[in-house]
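In the two complexes that follow, chain A is the common piece, with chain B as its partner first and chain C second.
Here is the complex of A and B:
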């Protein structure tokens, strides 16, 4: 647990009451048990079979009812669920923490497939704002275009849009990979902290504005760089990795990766060196 | 007044090739032209030639084509011990001393990924108790 200690050498800011305490102590510490059994699924998740398929018409269901029905079908062992008539409803397919093949035959509204951890989702239409927000793991493929804040705060997994996306794609991104087959709007990668964004088309103004870390690869023209976003040379590992990712995303087969621009943080605005005591760095 | 002499302690830690923070500039830092201030290089892309059989099985079981979310998992350290950060428990999982770690960061990262999957999927994971207490449906 963190302790609180008083700081005797007060700075001007501290003496004005802005910082009167300093937090010290350890983060919680767990030890890995090497004798853990081989298991690939979270405790309490459903054992589903990808070959067991069912259609679910959500025409007369609201989003809460539809999401509950998806959970119910997973509990019955269905591993492939096809959603018919989503009709642009908001918040469909959220909170799925299971392995699953989820197919939407149509378009989704706002906040579709948010906070998911594991499923492979295919959307044969368009998506509204904040698709796959807070996604933890899995793969989401959108066949057409996406709205603003695409992949906001994504923490892991692959998020693919074969068309173009709106503004602030990957805002506050904390991990994972966002791949865009078309163009992206302004403020792409705004305040991103880690993770990767690949854009095969053009991108709008203020690319990577105030980014803390992470990488953005752009295939087309860049409107302008945002504050603290800088160009970096492409390496062989970048090229190999992008090739692999585009194959996974089923787009850009003949795309010339060597001509892409790599954008990273200049680390002038944000620098965490002071938070990592030097003596702690030499552990391994 | 005469100046006091301060003793500097020598670190007993072994130097590992490519280790962060040991020298002012590691090979990786020289290559990317930036200082790495974290416990690991968050931008290090995985080398798929180093993938372990366990991870291959995990990817297959989940129906994915690559490491997916595990691409962001790396071997770091906590309390001067190698450790991997578990985002679900919001803490560092320390690697036991009896597990020998290779010198290469890519190999270490693959081991970290394997151990983290085993830990997260274990019935002993702290999230299990939370799920039992708060799960709604």
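Here is the complex of A and C:
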């Protein structure tokens, strides 16, 4: 429990009975000091060499052991790590906070590569629910299908699934780009707040339900629009941007982008832009 | 939470007991209060196989009340007596555990309603399954424990569904464990992952139509709901499609009959299911890790969409 004492120099708010206590000791706010070396250390990151490559067979490891091993290999400077036999295990490759080439030869279970900030991930199989949840930056490419809640709450980076995805793709999305080569299920873009979703195939019911902001582009049929989601005309800059993104994602080479449907939020949020700057990564 | 798994071999038989054990054991982190198997074994198809219990497992964290084991013998005697009164004949009898029995019965009628009502009129007795291929085995503990206890590793058949349960809506006991038999239909069984929110409304309506509930587990409703639809003349697939609007809540369920296996997913797609489909095998489970226990090689799997119903034949 923090040491609480009364401040004698009252502000107006304090004189009204608000904020009457002052926190002291360890709970005091510590301001950034550019002279202290610890302020330049990003915890949990390593300098890695992409040319230093190693294979890691996780067949006999549980997810904690496998993730610890990945961390250990990064600390030894390995910049390209190939994971063999993931066998649908959950939570593999989570929390990687630096640049890294991470390749999975097989399929992942739930919560794969969640909370990452920077790595380039390639998954040759399928992923289960909540892949790349809370991703901050980097690029994730899935060669096959993905489960529900794909890219839940992502804040940045490119998340690409070449196959089809389940329901609630991009739920609570706060930034970044999600690209789907196939179809997507119900409630795609549910409560999304920022960022963009590109779906080349069809989508299910309630597309963009309760979305605050962000854009969803759909190439195929739409099951139904959700509450607050409305269609908006495609512009040339939309087409150019999608073309660039698809090229980076290496999918949809001959896709007719001009026929896509653009879906945005139809509601007005008065002070929404003032609350969280688009690129503000620290506001977790 | 709970985990469900199922598989169907098309055109051949396999060691489904061992395969389903592997799948359910891979899902044990989703719940190991109880585990249940519905196995469709290879039989000559002449006699009915009745799996029934004359008491509850009172160990292993059970919420059941302890009973004197002598009541099991008394109940068994009454069951034997009733079977004889019904004009049926016990061909083979196995008492796997003091409270759990397996009978092979010669019974001419295909209407199991009268038969089941008579047997279950005995307090403490519940038929877990009845059919010419289906056997439902369920007990407390994880998949391996139940498989070892009932010696299911050698069962050969065409298809099977199973359930690893984390008790939420009702107690830790065998009567609330899945799979549920589609009473009174021969060879119909159901497993479910999710929660049904209009259980009581449906239960009252179905009870008024003469249907029977043995537990207060919401999942039992699916078996009874489908049984009532089939009794009214609907096909299994029609009943399953109807259930998407008739049942409220979040659910993924499997239903199996003598020749088929089906899955249905609610319109919110709120409960997980991963599916692998090929010409000779369909395997599905709450998590990919279950499928991997029978298919370790690289395969293509996918999530079925909201409101999807699929049925496969053997």
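By definition in this document, the second predicted complex is superposed on the first by the 223 of 284 C-alpha atoms of A that agree within 3 Å, B and C clash if a C-alpha of one lies under 4 Å from a C-alpha of the other, contacts with A are read in each partner's own complex, and residues count from 1 in each chain.
Just so we're on the same page, a residue touches a chain if its C-beta (ideal position, glycine included) is under 8 Å from a C-beta of that chain, and two chains touch if they have at least 3 such contacts.
These figures come from a predicted structure and were not determined experimentally.
Undergrad: Residues of chain A touched: more by chain B or chain C?
TA: B
Undergrad: Looking at A:110, would you say it contacts chain B, chain C, both, or neither? Reply first, second, both or neither.
TA: Touch partner of A:110: chain C, not chain B.
Undergrad: Once the shared chain is lined up, is A:232 touching chain B (first), chain C (second), both, or neither of them?
TA: After superposing on A, A:232 lies in contact with chain B but is clear of chain C.
Undergrad: Residues on chain A in contact with chain B in one complex and with chain C in the other?
TA: Looking at chain A, the two contact sets are disjoint.
Undergrad: Within the complex, which stretch of chain C touches chain A?
TA: The contact residues of chain C facing chain A are 267-270, 272, 274, 287-289, 291-292, 296, 298, 300-303, 305-306.
Undergrad: Okay, in this complex, where on chain A does chain C touch?
TA: The touching residues are 87-90, 106-110, 124-126, 128-129, 144-148, 163-168, 183, 185-187, 204-205.
Undergrad: Can you list the chain B residues touching chain A in their complex?
TA: Residues 11, 13, 15-16, 19-22, 31-35, 37-39, 42-43, 45-48, 54, 57-58, 61-66, 68-72, 75, 77-82, 84, 86-87, 89-96, 98-99, 101, 108, 115, 117-128, 131, 135, 137.
Undergrad: Which stretch or stretches of chain A touch chain B in the complex?
TA: Residues of chain A touching chain B: 26-34, 36-44, 50, 68, 71, 99, 101, 118, 120, 136-139, 155-158, 175-177, 194-195, 213-215, 232, 235, 237-238, 241, 244-245, 247-248, 264, 267, 271-276, 278-284.
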